[in-house]
Each structure stands twice: as C-alpha cells, then as structure tokens.
Amino acid sequence: MQAYKKLEIVINTLEVRRLVSLLNEHEIGGYTYWKGARGRGDRGLQDGEGLTEAFSNAYFLVGCTEPEFERIREPIRALLADAGGVCMVSDVQWLVH
Amino acid sequence: MSADVLIGNLLNPVILFFFLGLLAVWIRSDLAIPTALSRFLSYYLLFCIGLKGGAELAHSGLSMDIFKVLALALGMALLVPLYAFFILRRRLNLYDSAAIAATYGSISAVTFITAINFLEENQEPFGGYMVAAMALMEAPAIIVGLLLFNLYDRNETGGSARSPSVRQIVREAVTNGSVVLILGSFLIGIVSTDKSVHALLPFTDGIFKGMLAFFLLDMGLLAGKRLASLRGSGGFILRFSVLIPLFNAALIIGLAWLLELSKGDALLLTVLCASASYIAVPAAMRISIPKANAGLYVPMSLAITFPFNIILGIPLYYFLLNQILN
Amino acid sequence: MSADVLIGNLLNPVILFFFLGLLAVWIRSDLAIPTALSRFLSYYLLFCIGLKGGAELAHSGLSMDIFKVLALALGMALLVPLYAFFILRRRLNLYDSAAIAATYGSISAVTFITAINFLEENQEPFGGYMVAAMALMEAPAIIVGLLLFNLYDRNETGGSARSPSVRQIVREAVTNGSVVLILGSFLIGIVSTDKSVHALLPFTDGIFKGMLAFFLLDMGLLAGKRLASLRGSGGFILRFSVLIPLFNAALIIGLAWLLELSKGDALLLTVLCASASYIAVPAAMRISIPKANAGLYVPMSLAITFPFNIILGIPLYYFLLNQILN
Amino acid sequence: MSADVLIGNLLNPVILFFFLGLLAVWIRSDLAIPTALSRFLSYYLLFCIGLKGGAELAHSGLSMDIFKVLALALGMALLVPLYAFFILRRRLNLYDSAAIAATYGSISAVTFITAINFLEENQEPFGGYMVAAMALMEAPAIIVGLLLFNLYDRNETGGSARSPSVRQIVREAVTNGSVVLILGSFLIGIVSTDKSVHALLPFTDGIFKGMLAFFLLDMGLLAGKRLASLRGSGGFILRFSVLIPLFNAALIIGLAWLLELSKGDALLLTVLCASASYIAVPAAMRISIPKANAGLYVPMSLAITFPFNIILGIPLYYFLLNQILN
Amino acid sequence: MQAYKKLEIVINTLEVRRLVSLLNEHEIGGYTYWKGARGRGDRGLQDGEGLTEAFSNAYFLVGCTEPEFERIREPIRALLADAGGVCMVSDVQWLVH
Amino acid sequence: MQAYKKLEIVINTLEVRRLVSLLNEHEIGGYTYWKGARGRGDRGLQDGEGLTEAFSNAYFLVGCTEPEFERIREPIRALLADAGGVCMVSDVQWLVH
C-alpha cells in the first residue's frame, strides 16, 4: 500500500463542470463524484427539490499524491471561496493493484 | 358569469390536484414524485406546447399580431424587473432585490400551460406564436437583474459580484433546457407536415390533461414544502408576491386593449407578465448572486404567486379581458 | 366456464407480463425498471383508479351498499390480523407474528387494481366506493398488529418495543402517500364535472392497461427477487401464505352472500381481504418492529400471496361468487 | 420519388427531435433526460414492438419467409463481425478491432424501431417475425468478437484475456434485459387474444410515435455528447463507420433479391445488418475487453452510424429495394 | 487547514428526518447526505428494492469541531441503538476558504 | 469507540455482484454501497451516460476489523487488478451502540 491524500469536496451541482475542469487542468490522476447530495451549510439548506439542480450538491472523492495535492490545494480553495462548499483532507493508504 | 368561470376553474381536476399536493404536505404525508419524473413531466409539457404552437402557426401563417405580441412581451420582460427592483430596494438588501426582480420579470412555463388549458376549456382561440413569446420572456429579466446588481454593487460595496460574467449568465439563460426544448419543438411543429403532427396527437393531446394534472400534483407538493421557509418573513413579501402580478396584469391588459389584441393572446400575455420564474431564474441566481436568499425568491414565486395565478389570477384576468376587449 | 375464465386470465397480457418478470429473474437477466419509474407507475394507477371511482360514485349516488361494504371492510381489517396473529404465534416468534399479521390484515393495491381490470374484461359492474373501502383497509391492521405486539412484548420480554409511539405509527399509516393519493383522487373524481373527467379519459383509461402490464412486469421482477429469501423457510410459511388468503376469501364470500352484495363489489372485497400488503405495512414494520424478519413478511406477501391472487385467486373467487350470488 | 422519401424522412418530427438533441449539445444547453427515463423509454419501445410483432405473427401464421429471414439474420450476425475484424486489424490494435467488430455485427434496436416507423408511414407491410430476427442478431456477434479476441490474444500476447469465460459472456448477452423484454413481449403478443392486444393499443400504438420522438431527442443528446470523443481519431474510423453499414446493406439487399424477400422484411433486415450496437455490446466489451477503447466503439456506432442510418440510410436502402425488388 | 472530526453515518432512509432534526437541535454547523445506499449489517440486507424506501439507507457526512462532536456523540449513539445503522469517526483537515 | 479499518472502493457498476459475493464469502460483517458514481481513472472517463450501467461506477464503504481486512485484502486486490477500480484504506473509530 502507498500513502495518499484523500480529498472530499461538497459543492453545488451546477459547479461540477468547473471542478472537473480544474482537476483536469492540474492533471490529477483520477477522481470520482456523484450528484444528488443534499445538505446544509453557510449558504443555507440545499434540499434537492425543484426542477433545477441548483439546490442540490455533488460530492467529489479525489485520491492523490502529496505533490498533486499541493498543486490543486490553492485552486480548490479559491473555487470554494467563490462558489461555496467544503473540502476535507485526510490520509489514506492506496491498495496498489 | 365570472363566478362561474372561477368555480369552473376551482373544480377543474387539474387545479384540484394542485390542492391535493398542498394538502399532502400539510398533513405531512410522504407522497413524493421522484425528481426524474418531475423533470420528465415538465419536458413533456414543453414538448407538446411547443409542437402544437408551431403547427398552429404553420396553419395560420404570419400576421401583424405576432409582431405586436412579441414586442410587448420583450418590452415587459425588460420593464418589469426594473420597476420591481426599485420597489424591492425600499425594503430589502441589494442581493435579494436583484434576485426577486429577475424572478418576477421572467415567466413561469407551468402557469402559461395552465392558462392554455384554461383557454381550451373555454374554447377561446389563441395564436401559436404565443409559445415564442413565452420563450422570448424567459431570459431578459435575468440580464436586467444582473446588470442592476452589478451597477449598484460597485457603487455600494465596491463590488462583491461573483466571477461568472454577465455574458456567461446570459449564455446559460438562453441555452437553458426548457427554452431549447420549447423553441425546438415549436420550430419542429412549424416544419412538420400536418399528417405527422396529427399522428402525434394521442401523445401531445390525448394524455396531455392527465400529465398536466399529475404535474400540478407535483407542483403542489413542491409549493407546500417551500411555503414553510416564508414563515416570519413579513407582510411586505406577501403583498409584493400578489400585488406585483396584479399590477403587471393591469398594465398589460391596458396595453392589450390599446393594441387590440385578441382575447386569447391577451390572456396568455397577461399570465406571462403576472407570473414569476421558479426554475431558470433561481438556478441562475443561485450561481450568480449566491448571497441572495433562496429561501425568499423561490417560495415567493412558487408558493404564493404561482398558486395565486392558477387559482384566482387566470379566471380574474379572463373576466377583466372579457369586460374590456370587444 | 370457470376453466375459461381461468385460462382467459392466464392469457391476459397483463398477467403474462408478470410471468415475464419472474422468468427474467429466474434466468438472471439484468432487466430492471428504475425505482423512480416503479413509483410513478404505482402512483399513476392509484390516480386513475381513485379518479374513476369518484366519478362513478358521483354518477350513481349514495346507496345502502356503500355502508354495508365499508362496514365489512373495516370489520375484516380489524379481524384478520387478530386471528392471523394467534395462528402465527403457534410457530413463530412475537416479532414475526405481529409483522405478518399486520401484513395480511392490510391490503395490496395492485391486486385490487388487477381485480378491477379483471371485472372490466368480464363486463361485471362494481361500485365506485370500493376505492374508499380499499383506502379504509390500509391502516387498521398496522394498528392491531402493533397493539398486539406491545401487549405481548410487555408481558413476555418486559418491553423491547421501539420508541415510535403507536400514535405516530398510525399517523404515518394514515398519511401514507398511496392512501392520500387514492383518497384525494377519489374526492377529486366526485367533485369534478363529467366533462373534465371525460377529458382525462385518454390518460386514465386509454393507456391504463398498458401501464398496468408494464407495472406487473416490474412486480414480477420484484417478486422473483424476493422469492430467493424464502428458501428453507419451511412449509408453514408457504401454507400460511396461501391458506390464509383462501380462508379470508371464504369468510368474506359467506358474508357477501348474507348481506347480498353485488357480484362486482363482493369480488373486490374478497380480493382486498385475501391480499396482503407489501408496501405500506413493510415500511411501517421496518421502523416499528425492526427485529421482525423482513426476509419473511415481504416475500410472503409479495412472492407468494400476490402471484397466487392475481393468477388463481381472482378467477377462483369469481367462480365461487358466480355460484353463490344471484 | 427518392428525394421525396428522403425529405419526408428529414421532416419527420421523430427525426427532427434527434437533430434537436444534437443541437442542444452543440450549443451546450443543459437539456438532459434523466437516465431512469431513458431506460423506461427504451423498454417501452421494445415492449410495444415485441407485442405488436407477436400479435401480427399470430394473425399471419407461419410461412417459409420466416425461415429465410431468420437464417439470413443469423448468418449475417456471424459473418459481419468476421470480415469487420480483419478490416479493422489492418489499422487498429487487437482490443479495439475485436470490440468494434462485435459492435458492428450486432444491431441497434432503436434504428430498427425507427425503420418500422418509417415503413408504417410509407404503408409498407412487414412480417411480425422480424422482431425475432432482431432479437436473434443481438448476441452472436459478441461471441464471434470474443472468440476472435481470445484466439489472437493467445497467439500474440500469450493471453491477457480477462477472467469472465466466453460462456459467461454469452450467458449475459442472451439474458440481456432488452433481449428478454422484446422476446418476452413477442411471445406474449403471440399467445394473447386479439381483444386483449386491442385493448392495449392506445398504449402500444397511440402514444408510440410521441414516445419515440422523445426517445430520439434523448438519443440526439447522447450522440452529441459522444461525438466529442472522436475528435482527432482519424479518417479511417469515420470511413469505417459509414462504409461498413453501406457494404453490409449492399450485401443483404443482394441476398434479399436472391431469396425474394418482401420489401418490408428486406428493409428491416438491411437496417439490422447496417446498424451497430451501442447498448448491449459496449456493456459486454467494457467488462470482457476492458482494454478496448470505449471512447472509440461507442461513439462510432452511436454518433456516426446511428445518425447516418436513421437520417440517410433508411430512405436510401428503401429506394434501392424499390428499384431491385419487383 | 484546521483539524476537524468527520462523522460518517449510515442509517435507514426513513430515519433521515430524525437524524437531521438531531443535528439541527444540537446546532451542528453543516452536514451532507444522500439517499439510495444499499448494504448489509446486523439487521439484514437492505437491497433498495420495492416501492418503499424502507429497505434502503441514507449516508450522512458531518464535518464538525471536537466540541460539536462531543455534543452529538451520545444522541447519535442512542439513535443508532434504537434505529440501527453505523457511525464511523475519523480525523480530517478542513480546507478553510 | 473501537478501532476499525475503513475501505473505500470504486468499481464498475457491472462488477457489483462480484464484489458483494467476495465480501459475503469472506464473512465481512457489513458493507454499504451505492451506484451512480462517475469518474476518471486509468481506464478513461466513466460519464454515467447511455442506456447501460457499463459506464458508471459504484462506491463501496466497508468498515471492518483488522483481521477481516487481512482476509479480504488480497482478494480485493486481485479483483481490482482484473476489473479496474481503486481501493483506499484508512483508520476510523467505530461508535459502538
């Protein structure tokens, strides 16, 4: 196994494209995400209701190396500052196959 | 006669299912239409309305009425958010004022479709181009709202505006799924042969009312859920949500009389001006003015103005137009 | 004649699609209806049945039959879970006994709708109020089941019951989405004008059988998947799942003869009593008696009793009623 | 006359909605049909086509044509992937060659359904057994593709093949949801009474064209999204995606003439051979040859061959068959 | 970045309202959740099938400070003891923006 | 609270049955998963589009004891080597109830 950083990001669904572009631009090796998350935070309740995705969130899971993390840390911070959302970072072991 | 129309409207199953949705929320039922279905139902309605509008236009051909209607529609879409903004600014902060102004300047497709259903039940003809008027009125208010916001934001706070440029927002408003679908269906309705449009009738006409009733059940559920967030938001909000539609309606009814619109066209235009957006505009505002309170602009349009229009507004406007026009 | 009706029922596409669903699971196909769609289909069926029942009642007006039927329905809904419970207690633990008793005391809307389809195909009339009977029978068995559970639980174990109060459970059973939708549609059907109900017919009637066939395909898939969890659960479970419906049916057929119900009403009431719940009651039991084995009460009702009723039960009950009534 | 048919096809709303989908992607609209709905629409179409095919066969009874058609169908399903493979191998690696060969040997149900719609609009009869031909052609190409892959893989690389055995893959291809649904509906159509099939018509026939139009809108959205991944993949890919369908079509048109097939049957068989799979085969390849580039075989069939067939192919094949047959 | 506790809770979908109320009552700063989770545990298989949500789970993600965690620790334990489900706690770094 | 290993696995949706069987065979106490994940990795983009689930992922969350983890570590590695996907391992505290 190998030490990796794990990023967990919750962000408004309408911002998915922006975050994906950001990860691609910074050549992050991979990511996973899903839509349909609801929640509450500084910007109020996102209850997932209505005919638009504007009131629901997406969840991103990014496993990356330390240098990769350093590369996207600041851009992600800037994106969240602008668009809202949260990002949690932790250490994981990557099961190499 | 007006009471008849009102009661007829209230006892219409389509409207009653809206009440059922409200009731279900009120008694805390777990009745819920999956969002994939809500989306499908709304796309279905746009598909049908667009197609039928286009086919109707292909039949009737162009007339001066079209230009009158489209000019009026565009004018109102630019004007309403302007005066709404200055009214709102007297009580609310800049963020909310801009967002609500955009909301009321834009339109509600479901209200429009409910009004079409109303006209059909009252055998009142209207022009197929009304569909184009509706599509035309969706985006401009967003632009006006954001321009006003940017203008005052720079003056007042030195600029807290978010990064998406006005151009990008406009882009998104214009390429909005609903706009693309209804305009696309409208154009397809225009170019398709009579025979092929006819072959679609069981889908576009036969099951239409049932699908609309089902969708209004869903809208009732949604409106009911949103209503809660308005608690304690004060009389100004409530008054605005009812009076601005009435004011817009009065204005456009007057203009319809001046320009001698047909009764059907005038009703639809009135409904467009009196209605407020709860899909496209909230989505745009959530992104472009995130500091505006979505717990305000969504329920105002969805839980007050929308029910007001489909229950009382439509028959009332129709009654007034019946008095004034011919 | 009875063989004819049975074969006619077996060769009905609606029933055949149920078999197709079972088959698909058996050969391990990946055929699967998205759950959003299942939910929509079931709501659609309730919407139509409610609306048509209400409209029919508005036409026929009230009669003594209504009271007979509703009294019988309520009585059976309270009685069945009682005797079911004591039969079950001889072999099963308290948790499972209470949950299964509630399951069999309540009803299956889809079985009811399939029976309506059967009656229509055999041109047998029935009262619109049967819809109200169905709605009335959904919740009481949950209450009886939970009361029995609480009673014996306190006696036997000193009380392991979960926190949700009986009142809360009753509340949830009564405000259950299906109940609200069918009763709401029923009331809307009563107050709506003939003309407006008629305008909904292509939706509520035209595509009804197709939607039902599609839904039964989904039910077949579900029943097939559930069947697996019954493996090795013993003969008692299987016998109970077939014999209790038959016993309930015999009882209600006798009562129908005593009270001189019409053949159509009697069949629907029989089907309600013979059927078992696999939506509302399981949901309530999952929450209120979580220690009951959902791998037992769900497949019993869904994978044995439900197929038994729609394939053999309905034609059989109809045959018996034909012998006894008139 | 041929231009008429082509233009008639292009102005068919069903085809126009496909263009609308492409356009929506092109202007980057957020129009999107929820996947639960796409799945439902595709199942709905298979349900209807199967049922109607079966009912038609029950009416017409068996004839020699059936055997001719089924033999041809099976033969082509085995032959096409063979020669496609060797053509592809001249330019592409083993993984992609095997996957693309399987893709083009199999069929596209939506193209088939669009062709049926075309025949109905041109009042051209065809046999109900064509549905069976379609179902028969879904799986064999997968088997041929995997056999070829395993054969060359062992020779070339010493075996990188994944664990799922060919038997397992075949199993999955045959128990594929679409195959089970269309064959099941077909059999149900055969055994059901006329009356009961008739009662389903508003569902299977009335709203069919509307549902198809809606589904093709969705296909347009999908094709548009997939198109992007072909950028920069070279002329060989593009040529193959258009020329192989044309070659397959020419071959089968010749055989149809030799075997004196009816015009309707011949068109459908041509369309089957000319079409490529973008559901069943990609799913099988994603699992069994994961190293094949899904960014190649999916968009080739979905974003080039599919549009080519429904827009130009069908009217072209029909024109040719009109020249050659009788 | 700032040290936070991350709670991951899996619970029956029908209990979502109760858990949300609990988080609101204890004034937790934010949370995210989604429905449609399937799984297996002490109470058997939840396969997400059927016309009710009773046999599917919801997943909650709660990032909170140590004091917040201490506040809800016991109430969550009590809820899970009653309704079933699991809760895993770990340490994360919060990307402040 | 009790120390546990947490496994997070992203795998193609069509492999869900295989992974569930693997967890069952090795008698792992519980697991949770959901479908509908999209993402990018070595095998390219899985965008969740189309009429098949072949181009979307499932996410598995498995909380297990150290010995349980040792039991499935190798089988999971082998499954991922064959079918693609990722597995991240970390330490969590289990809120016992």
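Order as written gives the chain letters A, B, C, D, E and F; numbering starts at 1 within each chain.
Everything that follows uses one rule, which is that a contact is a pair of C-beta atoms (placed from the backbone, for glycine too) under 8 Å apart; a residue touches a chain by one contact, two chains touch by 3 or more.
Note that this is a predicted model, so its numbers are computed, not measured.
*Asks:* I need the common contact partners of subunit E and subunit F, sorted by label.
*Replies:* A
*Asks:* What chains do subunit B and subunit E have as common neighbours?
*Replies:* Shared contacts of subunit B and subunit E: A, C.
*Asks:* Weigh D-F against B-D on C-beta contact pairs and write down the one with more.
*Replies:* B-D
*Asks:* Roughly how many whole angstrom separate the Cα centroids of subunit C and subunit F?
*Replies:* Between these chains, centre-to-centre, one finds 39 Å.
*Asks:* Indicate the whole-number Å distance between the mean C-alpha point of subunit C and the mean C-alpha point of subunit E.
*Replies:* 35
*Asks:* Can you work out the whole-Å distance between the CA centroids of subunit A and subunit E?
*Replies:* Chain centres of subunit A and subunit E, defined by C-alpha means, are spaced 19 Å apart.
*Asks:* If you look at subunit A, which of its residues touch at least two other chains?
*Replies:* 34, 36, 90
*Asks:* Pull out every residue in subunit C that's touching 2 or more other chains.
*Replies:* Where subunit C meets two or more other chains at a single residue, that happens at 34-37, 39, 202, 206-207.
*Asks:* Would you please name all pairs of chains that touch?
*Replies:* Contacting pairs: A-B, A-E, A-F, B-C, B-D, C-D, C-E, D-F, E-F.
*Asks:* Write out the stretch or stretches of subunit D touching subunit B in their complex.
*Replies:* Within the complex, subunit D touches subunit B at residues 8, 11-14, 16-17, 20, 23-24, 27-37, 121, 202, 206-211, 213-214, 217.
*Asks:* For the complex, which residues does subunit C have touching subunit E?
*Replies:* Contact set of subunit C toward subunit E: 35, 38-39, 42, 162-163, 222, 225-226, 278-280, 282-283, 286-287, 290, 293-295, 298, 302.
*Asks:* Would you pull the subunit A residues touching subunit F in the complex into a rising list?
*Replies:* For this pair, the touching residues of subunit A are 1, 4, 6, 29-36, 61, 63, 90-97.
*Asks:* In the complex of these two chains, what residues of subunit F are touching subunit A?
*Replies:* For subunit F paired with subunit A, touching residues are 8, 10, 34, 36-42, 57, 59, 73, 76-78, 80-81, 86-90.
*Asks:* Name, in rising order, each residue of subunit B that touches subunit D in their complex.
*Replies:* 34-37, 39-40, 43-44, 47, 51, 171-172, 175-177, 180-181, 184-185, 188-189, 191-193, 196-197, 199-200, 202-204, 206-207
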